[in-house]
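In what follows, subunit A forms one complex with subunit B and a second complex with subunit C.
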Partner chain A sequence: MGVYIQAAAQISVQNPLCDDWLDNPIQYQVPYQRAIEADYRQFLDPVASRRMGRILKRAIATSMTVVTSSGITNPDAIIVGTGLGCLETTERFLLALVQEGEEFLQPTNFINSTHNTIASHIAVHLKCNAYNSTYVHLGVSFESALLDAFMQFQLGRIHSALVGGHDELIPNYFYILDKVGFWEGKLASECAVSFMLSDKPGNHPMARIREVVLLHDADEKRLDDAINQVCERLSTVRKDWISPPSVRPIFGESFTSQAFEMYAAAVKMQRGLIADNILLINQYRGTETSLIFLSKC
Partner chain B sequence: MKVYVTGFGIISALGLGAGATLGALSNRQSGVGPLHWLETMHSHLPCAEVPFSTQELRKMAGVAQDKVITRTALMGILALREALEMALWNEHKPLNPVLVSGTTVGGMENTERFFLDFISPDTSHDHYILAHDCGVCTQMIADHFGHFDMLSTLSTACSSAANALILAADMIRTGRTSVAVAGGSECLSRFHLNGFNTLKILDKDPCRPFDNTRAGLNLGEGAAYLVLESEESAKARGVKPICLLSGYGNACDAYHQTASSPEGDGAVLSMKKALHEAGLTPQQIDYVNAHGTGTPNNDESEGKALMRVFGADSVPPVSSTKGFTGHTTSAAGSVESVISILALLHNFLPANLNYSNHMEMLSFKPVTDEKPSRPLSHVMTNSFGFGGNDTTCIFSKI
Partner chain C sequence: METLIFDLKKQIIEALNLEDITPDDIDTNAPLFVEGLGLDSIDALELIVLMEKQYGIKLEDPGKSKEIFRSVATMADYISKNRKK
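So, the complex of A and B:
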């Protein structure tokens, strides 16, 4: 069984829906930077667009981009990872609740506040009744979504999957997390990355996903064991797998920034700018670890 | 590959534990009533609160006074403890077990109390900031017991726990682990009580699922977890399997953010997928625990979906048990899985409380007599969430 990345698209602090960042990354000297918005008129009519928060617009735009470039218009699964979900609408409802009380609250902000709003909006937009799920597991939310997709392929239930990592960062939440030292001086930012995965390589495959592993409270030994187990299963040895430098300095930190790592590795792999076998390791606050094994097609 | 249930645990308005739950179901004792703990101006709305204060839950769970923890996590710990004991966890520790938990509210109960402090220079409640996350809730539950090798957190609104069961079962089926614990936990918060209230779908009276006069749902809270295990592992650990998680299906209604499609398209798909996965015909299902929230929209849409899947003349016994537990939102999928398993094991049909008027567009009436006409072998449970996240699970006798 093969799982191929047929297409990928990002909206971030770099120029949206393109790979300008590869040759000319925009440098930021600020602690907190919001994403550069794409032109959403090509994806959404103005009425729909006005009703949607930024995270939803970005999710639709990146999703539609990979739908178009892969030609897979009705994927067999839509799976999203998001650390914090629709923060903007959640905050609007929450602030109204704590400042103005319980009398005059508006339903729209509540409706759009649940984490699964993103995946369900994509489904409604694509009129897609397929498998649909949302993962919210801290800094490995995206990898949880990816693992689910990978297993659905393995079990032969699906032939294609639209998988995304989406997080927005509102000023108050930057501030709140900054208060508890969460950002550690790194660039706090936002993430919108969508991938179209398929069990067929298609005409222009970017990379092949070989394995996805999540671990909790893994020490060095457990991590090594987990990596070696996968290496063995894939008939490779540990030294075949290279971990490239992180692209977080370019795209910034968010709960789903591992989606940027996979995106950047896939873009570089397609162009032969990186080793043929890549191991992406994400260690979130010492408790959650993810491993993504990618190979050149 | 078969996935067995080797343990389960539950806490809801019906009390702590499978015994209390079974007793309440058998005696038709509803957990819906006036609010005791949640502070809200909407206290006239009946809810189904877990009958213990957060402080009492903390004591029951044996969590130290100074430890930052949420009501959601405490309920999760108590439900998980029962499930693990039943599965002889400590006697025969499984290798590399997984915990998958579903929640949506997470630590909102604290965030809604302290948000204005969070966003001000005041630091007195900052220790709750990192407790807001859904994922932290899963960590709190897991780390109380230790030993979990992988965690994940699902959030598909009111089908979260059911989808957690799917991920856990798939982890076993793909050989990633041999034991995976899954379910969900959700406490009441002003945030979601008010949210549902703005949607005007909360009944000011006890809910009446599948009744022609139904006028909305009652919110509940609770947690439930199931220990899922491969046959090999259960044998090796010397644990007697309780039943099979024989099938499951997930589909998206893709219709509207909060409303179900008129004919229940997503629900039809999720039930059909689950039947397919279980290798069962519709006629083999002996009982359906419906999502049955009691809102006009859900029960009509789900009722029509049931008629489409089973045939208008052959819908099996159906009940919604939300008249007992309220709508436990993210936990509903596992709470109602446990109720369905209790029905399967004790061979009874949980009653659909507060039913008296037939819905004319439906060909069937919900369960009002606990005595089944044939022994239960296969039971189905539906969980539907905002955004059209529809999930169905089937449990079967071994």
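So, the complex of A and C:
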């Protein structure tokens, strides 16, 4: 059984839905930068889009892009990881709650304020009734969604999956986290990355996902043990796996930034710009660790 | 009445986030739902909230909603007769 990345798309602080960042990354000298929006009119009619916040529009646009690129129009699963969900709509709803004394609350803001709005909107848009799930685990939200898909592929329950990492960052939340030193001088930003995965390599796979591991409270020894166990399972040794420089300085920091790492590794792997075996390690706040093993197809 | 109709159109545009539409684009007598602006049931909820928030009108009888929300003109007529603010 293999799990292959058939297509990937991003909306971020770099030019949207393209790979311009590879040759001409936009540099930012600010602590906080919101994503560059795509032209959503090519994905959504105005009646549908007027109810959607930015995070929903980005999720639909990146999802539709990978659907078109891969030709997989009805995936067996839609799985989304998001650290904060539809933060902008939630803020709007909560502000109205406070300012209007819990009266006159707009239903659209309420409907769109939940975390699982993203995966469900993608499903509605694709008319996809398949497995639909959302993972909200802060810094490993995306990897949790990816692990779910990977395990279901292993069990043979699914043959294709649309997996995404989506987060938006409103000014108030940036400032709150900034006050407690959360960003540590990194570029605070937003994330919208979608992947189409399948258990068949197809004609132009970007990369193969060999293994996904999540660890909680892992010290260095446990981390090494986990990596070595995977290496053994894959009949490789530790030195076969290269961890490339992070692309977070290019795409910015968010709770689902690891989706950018996998996206960038897959894009570079397909173009032969990176080693054939890549290990992506994410250590979130010293408590949650994720490992993604990618190989060239 | 003209001022009320103009204000109402602006409030509808804002409440329903109707981008690229101006008050002049909305036909006062055209149907709001399905045809005309093509609004749906979630929009109806937004309009109920709008009526209460802007004009203090609580719609007690759901059976009347269809008639009240038929067009901007019928909404304005109902507001002018029942507004509390």
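What to note about this one:
Everything below uses one rule, namely that the second predicted complex is superposed on the first by the 297 of 297 C-alpha atoms of A that agree within 3 Å, B and C clash if a C-alpha of one lies under 4 Å from a C-alpha of the other, contacts with A are read in each partner's own complex, and residues count from 1 in each chain.
In this section, a residue touches a chain if its C-beta (ideal position, glycine included) is under 8 Å from a C-beta of that chain, and two chains touch if they have at least 3 such contacts.
Predicted, not measured: the structure shown is a model, and the values here were computed from it.
Counting the residues of subunit A that each partner touches, subunit B and subunit C differ, and the larger count belongs to B.
In the superposed model, A:100 lies in contact with subunit C only, and not with subunit B. Once the two complexes are overlaid on the shared chain, A:119 sits against subunit B while remaining clear of subunit C. Contacts of A:111 after superposition on the shared chain: both subunit B and subunit C are touched. Of the two partner chains, neither subunit B nor subunit C is touched by A:235.
Of the two partner chains placed by the overlay, only subunit B lies in contact with A:172; subunit C stays clear of it. In the superposed model, A:138 lies in contact with subunit B only, and not with subunit C. Judged by the touch definition given at the top, the superposed model places A:50 against subunit C, while subunit B stays out of reach.
Where the contact sets of subunit A with subunit B and with subunit C meet, they give residues 103, 105-107, 111. Within the complex formed with subunit B, the subunit A residues making contact are 78, 83-85, 93-95, 97-99, 101-103, 105-107, 110-117, 119-121, 123-124, 126-138, 140-141, 144, 147-148, 151-152, 154-155, 172, 175-177, 179-180, 182, 214-218, 222, 287-288.
Subunit A meets subunit C in the complex at residues 46-47, 50-51, 100, 103-108, 111. On subunit B, the positions that touch subunit A within their shared complex are 40-42, 103-104, 106, 111-112, 115-116, 118-119, 123, 126, 129-130, 133-136, 138-139, 142-143, 148-157, 163, 166-167, 170-171, 173-174, 176, 190-192, 194-199, 250-258, 265-266, 269, 385-389. Of all residues in subunit C, those touching subunit A in their complex are 15-20, 38, 42, 45-46, 49, 52-53.
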